[in-house]
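Which chain is which? They are A, B, C and D, in the order written, and residues in each are numbered from 1.
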């Protein structure tokens, strides 16, 4: 049983997070969206998947309830990161732009092992829905950085695919591939769940999502 | 039991063709390579996987033995095609630049069915070894032509991959994919075998490999 | 602009259908669920994704509005099919247990082309979420029937995968694969949309979903 | 430039190893097969891909030339391993039943990381040619052992596929897959090459192939 607060509860990710937590009988005792706020208990953790403008209020709530923070809001600027660092002296924070457990694992594996295949060829293929604006995807760029190499990225844009990523290595005799596929937004809400359950007994600090998985 | 002749018997494809035919106890009774020639019986079919320069000799042999011809020699010019057309009045000929059964099927399926997915997105991914010079592959271009569309082709060049091709269709709710992978040169020698067994009782004409599969 | 009626509007498929139709500015002028019914115009087509018990009411509505019917309700018995056949003398009906365009195409392709690969090996792999009760999936069985063969089916049950199906053919030299992946329930709502747009100007008859695609 | 000896030079693996080494201008100065033996210099490394019966002769040659040994001969019994261990006090030895770099990496990754996905589902799919006698493959069993779990293995047997292996993890929102495909016997000869280049300056000991990759 874990009571939680959710900033951005009516957004697309907010809804999925609430759904995922409700399945565990976790109770949303604090919900915030823009100027809407309702409180029904003390949250053990606050989750923020909203907009940078909401940050001051979120920080205020974390301080008031001594509540750890899990934040996935995108587009934070330097000043906002500074405020989060400040807050992390008082409560533990997990901040990430990507709460996918699989992608986090994939990056770690590549960082650790791709040097073993330095004499192999490698290319990346990523597939997303046609409405995606950026190309290559931010995730594909993170994967390339993990390989520390000038890797070619192929970006396929078709239909409604939530997000596939494949890193394909090959030498003359074999092919080795690591791939990931997001089924739905639950790819991320399950990561938020793991981060929330992990952080409640941590000491104040600024954590990344990979700390949750490997910490 | 089928006696056959093989022009270009010591080339890479020649060796694989001989191996594939030998497994069926088919006997190579005529073998030619450059100026080397040895005869040990009357061929029921002659196979030519050599070079355009060898064509006059091949034609001469087909006429002498009244033998059907299966020819996969690449780089034939207009004049050489004319000579083959002439020959096809006397003996049946199967001519193709690609004897893969799967690729032939894939092209046929796309020609027949891709119009049903005209409101879906579609892209092609082809993967070959790093030594391949052309990009996109000739096969990928044939696949695109079969879709009759301005389809994007992604060309991956890694390791020693003999040749993979995938045509991926998607709409907002589903993905539909047709894909092909060459395991080895046997992809082609088994097609040559099928063409050879098919042609021995056909009447003189100029056939394509798709006639062998769908004829 | 197409006004439609929806029986089972509050069910999981009902919601997705309404969402998909609303994106085209199609208006739900009749909605029914159990004893709930609200009418706001004359439907040009009625869609029923509910339960067999609702059938008499649906038939009544189709007759009253002279409305074509698209029905995906599962578990219909012989008697219910008889009633639908009766209704199809008055209004056109599309009935199917699977409105996926891709799966319908896949089955058609296999029926038409798998005989060309009769000397190849073939196996089927289907992957679904762990909560799926039947194994192999009904779709995998339809695919096997389309091949007319004693094909081995491998059923993988992992995570939340909505439904993947692959038919893999191989001979000694090549691999040929046709595969399908459902991204979400929109796989089916887009098929229902196509059926609805197709049926509005058809003459009374009992149609299958493949008639919509190939008719 | 590296002179090498090859026991079993005329076997299937022997031929591929010689081909792979010859491409680097490495010279086969000692070749052995059954009672055939020819010597043309001092080998810097001896490779044995033959039969257990050849082991005494191989050991004798390693001692005579103070040559490191790379051995992939299968079916060694306890006594033969004992002799190899004895030899490894004098010269360095790499012994393995699988010289695939990719499979070795895959096993290491699974040993290290699969615990991070302990609450995910996981299944293994392996695909091999129809002539393969064992099912599941020895490699699939090694992969399962690396996960330390009761993982279901699906064995597909079609056509001439040299060997594909996939480990598929999924939770409710995402799929994570590690896969490997052998293109040809070069999958192994390139591993033998790496082992041979690695071992020539090592001190006497009994090494596994994973020591070559991670040592």
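One rule holds in what follows: a contact is a pair of C-beta atoms (placed from the backbone, for glycine too) under 8 Å apart; a residue touches a chain by one contact, two chains touch by 3 or more.
Quick caveat: nothing in here was measured; it's all calculated off a predicted structure.
Chemist: Give the label of the chain whose average Cα location is farthest from that of chain B.
Modeler: Following the centroid criterion, the farthest chain would be A.
Chemist: If you tally contacting C-beta pairs, which pair wins, A-D or B-D?
Modeler: Counting C-beta pairs in contact, A-D comes out ahead.
Chemist: What whole-Å value do you get for the distance between chain A and chain B if each is reduced to the mean of its CA atoms?
Modeler: Using C-alpha averages as centres, the distance is 50 Å.
Chemist: So what's the Cα centroid distance for chain A and chain D, whole Å?
Modeler: 39
Chemist: Roughly how many whole angstrom separate the Cα centroids of chain B and chain D?
Modeler: Those two chain centres are 36 Å apart.
Chemist: Identify all positions of chain C at which a residue touches two or more other chains, and write them in rising order.
Modeler: In chain C, residues 159-161, 169-175, 183-184, 186 touch at least two other chains, as defined above.
Chemist: Make each chain a node and each touching pair an edge, then name the shape: line, ring, star, complete, other.
Modeler: It is complete, because no pair of chains fails to touch.
Chemist: In their shared complex, at which residues does chain D touch chain A?
Modeler: 100-102, 105-106, 108-109, 112-113, 116-117, 169-190, 213-214
Chemist: Could you please specify the touching residues of chain B with respect to chain D in the complex?
Modeler: Chain B residues touching chain D: 159-162, 183-184, 186.
Chemist: What residues of chain B sit close enough to touch chain A in their complex?
Modeler: For chain B paired with chain A, touching residues are 120-123, 125, 127, 129-130, 152, 154, 156-161, 168-175.
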